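Letters A, B and C mark the chains in the order given here, with residues in each chain numbered from 1 onward.
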Amino acid sequence: MYTSTGFISWLLRRISGVALVLYLFTHLWVIGAANSGTQVFNARLDAVQTPIFKLFEIALLAAVVYHALDGIRLLLIHYFDLTEYRKTLFWAVFIASAILTLAGGIAILAIMLNGG
Amino acid sequence: MSNNDIQRTVTVRIQRFNPDVDKKPHMQDYQVKMWPGMTILDALHEIKTHQDGSVTYRRSCRHGICGSCAMHINGRNTLACKTPIINEVQKNDTVTIGPLPYLPVIKDMVVDRTSFWEQYLRVKPWLLPPNDIPEKEFRMSQEEVDALHDAEACIMCGACYSSCAVIGLNKKYLGPHALLKAFLRVLDPRDTAPAERLEIVSQADGVARCHTIFNCIDACPKGLNPTQAIETLRKLAQKRQKYEEARRERQKHLNEPIPS
Amino acid sequence: MLTFKIQRWSAIALLFFLTVHMIFMHYVPPFHITFDVVQARLSTPTWKIIDILFLFSVLVHAMAGSYQVITDFESAFNYRKALAWASIIIVILAFIYGAKTIWAFQL
């Protein structure tokens, strides 16, 4: 195993990517309840909007935010030849996704506690 | 370096594997007294000559140009001959040395590099010069030389290849060393077949399989940048026919003096 | 190289669609989503188009990504043609299912 910031970013990208693919198909199935009518849809949607799922949503947000920012980092490297700044970019992505996850997570908790 | 450091004894922890006896590799410690300017390779010589003749490793020139002694030192791939041991001594007075990762170990630090050379040959690493060879010399402008980013300095040591996580998973990937060489040939104004080369590297096992992990840059003992070379190849592969036409136009003026 | 390009272009599309989706679905009231809420939003054709395009790009990105992850393993790399077709079929089936769902909110 050859560990480095690049390796860690690649591993996190893969893990969050696979998790998001699994989430995507679950999400499609949940929303797909609309095909069976209003009652079924509302029942299934109520089931996935309980507090426990809100906490899962924070983990989901972390995966989405990291995957997106890491993707932006890669696009920047592809199109602007930034290989010399690889370590700075890695830490920038890491810190930015931590801040965004925290901000978004607090918002989710606030909405949940207000009974939104 | 203080006087104390000169007298210091360090523990060199070497990964040992003898296929005749061992089922899997194990670590073995050796005590080595450092001298000023001692390299990792010097320490290995010291062990092999005075302590344990069975320690096996490849080395040849001792000047960082043959590429034989690439090893995994303290978790990083580098050349043993150009790494001063004093820089690698960890807090517990230990230096850990192992074979290049992701490659089959033959014995101790000697690895099987078959896949390395097979992938290398696939990109046709040799120059394909034009039929009409100038009488004296090929002329290149300074910009054309700069664009190569010293890629010709590659010594084929395998440090980048065996640091690549994709190689760890899939030996069918061309690898940073082969792609760097392809980059060198594609950008060389004397080469006649850039489109064919770009076609080879844009296959499923070529540039698209690089996941921009940057281990190759960090590993390269010559300070080269295979990742940037791969990025450039990706861009050129999009317009390979146009690029080849521009090359043919350029080769009409290969033996003329460079306009300054 | 084609997978690589598809991945990049769908990624750029997703950066837009996903930001819109996240803000309007989860950070703008009403926070509790029901059938009526979604129906009210999807009654405008712009939202319908946005959601259909979002669905397509996210499916393409997901399956191109899965294809890349799986074919990174040497054993799977040898079956990459079959895997590519499987990914395409999954994208088509999931797109039909998802588009049908978006349509269902009209009733």
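We adopt the following convention: a contact is a pair of C-beta atoms (placed from the backbone, for glycine too) under 8 Å apart; a residue touches a chain by one contact, two chains touch by 3 or more.
Values in this document were obtained by computation on a predicted structure and should not be read as measured data.
A.B. asks: Would you say A-C or A-B is joined by more C-beta pairs in contact?
C.D. replies: By the number of C-beta pairs in contact, the winner is A-C.
A.B. asks: Measuring between Cα centroids, what's the chain most distant from subunit A?
C.D. replies: So the chain farthest away from subunit A turns out to be B.
A.B. asks: Return the distance between the CA-based centres of subunit B and subunit C, expressed in whole Å.
C.D. replies: For subunit B versus subunit C, the centre distance works out to 40 Å.
A.B. asks: Express in whole angstrom the distance between the two chain centres, defined as the mean CA positions of subunit A and subunit B.
C.D. replies: 37
A.B. asks: Using mean C-alpha positions as chain centres, tell me how far subunit A is from subunit C in Å, no decimals.
C.D. replies: 15
A.B. asks: Check each residue of subunit A and list the ones that touch at least two other chains.
C.D. replies: Each of 78 in subunit A touches at least two other chains.
A.B. asks: For subunit B, jot down the residues that touch at least 2 other chains.
C.D. replies: 211, 234
A.B. asks: If I count partner chains per residue in subunit C, which residues reach a count of at least 2?
C.D. replies: none
A.B. asks: Quick check: in the complex, which residue numbers of subunit B touch subunit C?
C.D. replies: Interface residues on the subunit B side: 166, 169-172, 202-209, 211, 234, 237.
A.B. asks: Going by the contact rule at the top, pick out the subunit C residues touching subunit A in the complex.
C.D. replies: Against subunit A, the touching part of subunit C is residues 8, 11-12, 14-15, 18, 22, 26-27, 29-35, 38, 58-59, 62-63, 65-66, 69, 94, 97-98, 100-101, 104-105.
A.B. asks: State the interface residues of subunit C toward subunit B in the complex, per the touch definition above.
C.D. replies: These residues of subunit C touch subunit B: 1, 3-4, 71-74, 77, 80.
A.B. asks: Under the definition above, what is the set of subunit B residues touching subunit A in their complex?
C.D. replies: Where subunit B meets subunit A, its residues are 75, 77, 101-102, 162-165, 168, 211-215, 217-219, 225, 227-228, 231, 234.
A.B. asks: If we count contacts the way the header does, which residues on subunit A are in touch with subunit B in the complex?
C.D. replies: Within the complex, subunit A touches subunit B at residues 1-7, 9-10, 74, 77-78, 81, 83, 86.
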